[in-house]
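Next up: some structures, all given as structure tokens.
Both of the next two complexes hold chain A, though its partner changes from chain B to chain C.
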Partner chain A sequence: MSEPLIQVRDVEFRYPGHSPVLHGVDLTIDRGEFVALLGQNGAGKTTLAKHFNGLLTPTKGQVLVGGKPTSALSLTELARQVGYCYQNPDHQIFAPTVDKEVRFGPDNLGLPDAAELADRALALVGLTAQREANPFVLGRGQRQLLAVASIIAMDPPVLVVDEPTTGMDLAGAERIMRLLASWVADGRTIIVITHDMDVVAEFIPRSVVMAHGEVLADGPTEHVLRRSDLLPEARLLAPPAITVSDELSRFGVGRCGTIRDVADDLVHILGGRDAGRV
Partner chain B sequence: MDTARRGETTTMTVPGPQAPRTRNDAEIVLAAEDLWLIYPTAEQPSLRGVTFRARAGEFIGITGPSGAGKSTLLACLQGLVPRSVTAETTGSVRVFGHDVLTGTLGADGSRIGLVLQDAEAQIVGMTVAEDLAFGPENYGVPPAEIRRRISRALAAVGLDGMAGRDTYALSGGQKQRLAIASVLMLEPDVILLDEPTSELDPVGKAEVFEVVDRLRRESATTIVMVEHELDRLAAMADRILVVDQGRIAADGTPAELLADVALFLRTGGERPPAAAELDWRLRSAGIPLDDEPSTDLVTVLARITALAEKHA
Partner chain C sequence: MPVGYSVYRPTGSTIHTGIDPRVKMAWLGTMFTLALMFNGPAVLGALLVALLVTARAAKLTFGDLRPYLFLSLWLTTLSVAIWPTYVHGGHLLGHVGFVTVTSDGLLFGLAMGFRISIMIVSASLWMMITAPQLIAAGLLAMGLPHKAGVALASAIRFIPFMNAERTTIMEAQRARGADLGSGGPIRRVSNSVPALIPLFSRAFVTAQNLSIAMDARGLGASPHRTSALELRFGRRDRILVLAALAAVVIAVLCRIAGFGVLLGSYL
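Let's turn to the complex of A and B:
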């Protein structure tokens, strides 16, 4: 059954002397969910996500993690619960080798199986061969993977990942998204902040759309990305797979997340040479 | 929809009487001949026999997966190899006729400018004006001329009136436009752009594309742009090169390149345009779509609709 892991209750946040960056935000994320936080820059996505691990606390309302208000939890307790991967890996990486970078978190938390956790995290992101390398000789995509590895090495039940596919090529983006999906399949909860609508449609089942500090829409991605009444207000554009499958729905094309799925449906409908996967 | 304009933009936005941007007899400003390159600690060469020419006024797009050698190629064209970036090379790289692998660009160094992926890495001034003045001051350009160039460069990138702003307070898109303006301060004939939009949000990306497109339309500058946003690149480029594993895997017009969906799926560099991918997948499955493959979403949808209506 669903178990609320993060509960945001009527949250307002403002920096002293400024107007609110968040207001009236209500959001519940259950254990095991894979959620996209969408919206243009300044919509409040990162500000909201920083409430999940206690980097920020609400000026009004409450954020509960595992049933306890973040204001009552220490940063160490929260760090065990919620890992946070920053958008720019270079703001996070500081150790002289890949291995030391990944070991730092679990060592710091005093986890008894730190070495094993680090090894597993490196294997998951495919950086085992580079363990002795200086992080800054890695390519940008690999540094992004390293940043993710150093957080998942702490084995947090909740992971917030800010723009994981920015600056990555298609193969790198798909690799990191498959990795996150497998992490969710193992029972973790992941919240991804992203602008990459193709990636959202393909991989992330629930979407939360934010605009000017409020939640504008929240629900299954396939519904949310079809809210043509709301997306323009958030300055978001539905990805082609969504618009194309809608356009062709009168011929029986289903609600597809990728162009490959649209093509598969069409081949079934039109009876192509190979009515299996294209 | 964006895709509807693709391939037509280069010819349609430049009005009639103007001469074509690229003439076959135009000066070759950049040339690599059978260029091989290996970095000191690497086991494999980063470039493997790259041959490529750019004529004055051309806009060349370069695309391909991470680690393919795109940035290395730009570093060579900028004359950074081997003096600033150490590597062993064979073959040749000529920039304005100078062999830059064995010699230097000399006084022609200011005729070529480079814009990097990370805008912050290339900003040196506390204020916008300080940042813009840095390059020309180093070249001994007189202060009055620097002031004239600052207002021209700011206008070119849509940052008019922002000379006094603190650089740290600029948005990502503004920082990248400032980096382009800094390059324009030396009035270069060639501008190289290395994934200038890849770290920006959609608004910042759109700002930078608009500036690059204006540069393309309103100046004779030769532009080489490494970029993953295929739709936007295709709308501007005269030619697109696909670099994969140190080689030029393809070199052609945007329309030719975008139709080659198999190439993009094989290299994993970029998401192929939705229309081209849909068209290609249906053809590959034996669906009888008429005419030539199309990269235009409206056209592809119209063909599918006609077929589906007939089928029903």
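Let's turn to the complex of A and C:
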């Protein structure tokens, strides 16, 4: 049975002296879900996500984390529950070594097994060999992995990751998404803010589309990314895998949305690998 | 927090479009001089009101000025709280703890608060009514080397950007459980290291990238630089510069005569 972990109830938010950025947003995210927040710049994705860890509190409505309103919890208490990894790793890296950078969060939270958590997080992202290196000499992809590791080390049940694949090559993007998927498989909840529709189609089973501070669509990714009536309003384009998959449906094969699904469909249409070689 | 990428507020008022940037700069210098010439709260208060009237005439809103006014109010409050511990002339008003509060102490604190407020409001007003490219054009027309003009205009242009970066960095570190704001002054400085290092790093990287972009676009390639912006120094500008000069002369005479001066022994 699903267990609601984050509940957003009729939330409105406005910065002082500005128009509302969020209007009547309702959203529930269950424990163990892997969710994508999609939408154009200014749609309200990051503003909504900052409500999950208390960096922002609603002007109207309520956000509950683990059944408790965020307005009643301190930032430190919320940091234990919801880790937030920023888009640009250079907004948080400051320590002289990779190891110290990763330990910063667990030490702040007073976690007794901080060293062990940091070791585990570094191993998970493949940076154990660089633990004594200066973080500023790492490449962009490794700094992004370090930023993710520094949040994972805090061992939060929920992780919000803002644009994890920005500026990364394909191999790096796939690596980081596989890492996040493995963390979900471990029972964690992950919310990814992204514009990378290929990544969403390939890895993230649930998508929430936002536009103008409202939730336009919410559901299984393979359904949401086929909402040709809504995607243009959110200035989103369905990824090529979905488009090709839809075309293939005319041949009576399945309508899934990942590159692997499309490849399987093609093999099926062509009558198996041997037929394809002819 | 949404942060604009320029302090400039193009309202289209005559103050924005009808006055040469060199004149606006001259008036900025004049306001700083006037603020330093007087130390009586009445005159300094009147100057502050004049600045607010100018802002209104430039069609700026309270929202545009709010952060600077709040900063001014905070510093004025601090000044009123601190100066009575140093200035003890005038009438005895009472004792607060070990501090003897006198009328001169309070009024001088108020005047010093107004003085710093005039500087804050006039500098922010200057940036809000002068487009960054006109600031650079004005400086160039006054003989500043072109590269230095671009550097100064870029520095002004990047103030709000760096403020936005500061906000993001502080949020990122607070999300990691960092305590950036509590404790005494020494502890605060030590706690702010996780925010300061990324901020300085971002500033250096931004400056480096900007300089590369400028080089790539040929900045400084030719000593004879042309400009799409032509400044025209008209009749209105001449009158305003003369008025600024007159204001400075009158202020110096007032200082000598002791008008608008609460305590002659203080600046």
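Operating definition for what follows: the second predicted complex is superposed on the first by the 272 of 278 C-alpha atoms of A that agree within 3 Å, B and C clash if a C-alpha of one lies under 4 Å from a C-alpha of the other, contacts with A are read in each partner's own complex, and residues count from 1 in each chain.
Keep this in mind: a contact is a pair of C-beta atoms (placed from the backbone, for glycine too) under 8 Å apart; a residue touches a chain by one contact, two chains touch by 3 or more.
Note that the structure is predicted; figures quoted are calculated from it, not measured.
Novice: Specify the outcome, clash or fit, for chain B and chain C once both structures are aligned onto chain A.
Specialist: clash
Novice: Given the touch rule stated above, what does A:70 touch, chain B (first), chain C (second), both, or neither?
Specialist: neither
Novice: Of chain B and chain C, which one touches more residues of chain A?
Specialist: Residues of chain A touched, chain B against chain C: more for B.
Novice: Who does A:41 touch here: chain B (first), chain C (second), both, or neither?
Specialist: first
Novice: Thinking of the overlay built on chain A, is A:7 touched by chain B (first), by chain C (second), by both, or by neither?
Specialist: In the superposition, A:7 touches no partner, neither chain B nor chain C.
Novice: For A:167, is the partner it touches chain B (first), chain C (second), both, or none of the two (neither)?
Specialist: After superposing on A, A:167 lies in contact with chain B but is clear of chain C.
Novice: Does chain B (first) or chain C (second) touch A:141, or do both, or does neither?
Specialist: Touch partner of A:141: chain B, not chain C.
Novice: Identify the partner contact of A:150: answer first if only chain B is touched, second if only chain C is, both if each is, neither if none is.
Specialist: In the superposition, A:150 touches chain C alone.
Novice: So in the superposed three-chain picture, is A:263 touching just chain B, just chain C, both, or none of them (first/second/both/neither)?
Specialist: Once the two structures are laid over each other on A, A:263 reaches chain B alone.
Novice: Which holds for A:240: it touches chain B only (first), chain C only (second), both, or neither?
Specialist: The first partner, chain B, only.
Novice: Tell me which region of chain C runs into chain B after superposition, given the options 21-29, 111-119, 183-191 or 219-227.
Specialist: Superposition on chain A puts chain B right on top of 219-227.
Novice: Where on chain A do the contacts with chain B and the contacts with chain C coincide?
Specialist: 88
Novice: Write out the stretch or stretches of chain C touching chain A in their complex.
Specialist: Touching chain A from chain C are residues 1-2, 63, 66, 165, 168-169, 171-179, 193-198, 201-202, 205.
Novice: Once bound in the complex, which stretches of chain A touch chain C?
Specialist: Spelled out, the residues of chain A in touch with chain C are 15, 17-18, 50, 53, 55, 75-76, 79-80, 83-84, 86, 88, 90-95, 104-105, 108-109, 136, 150-151, 154.
Novice: Residues of chain A touching chain B in their complex?
Specialist: Those in contact with chain B are residues 40-41, 88, 139-141, 166-172, 174, 195, 198, 235, 240-241, 243-244, 247-248, 251, 259-260, 262-263, 266-267, 269-275, 278.
Novice: For the complex, which residues does chain B have touching chain A?
Specialist: Where chain B meets chain A, its residues are 1, 3, 64-67, 117, 171, 195, 198-199, 201-204, 228, 264, 268-271, 274-275, 277-278, 281-282, 284-287, 297, 301, 304-305, 307-308, 311-312.
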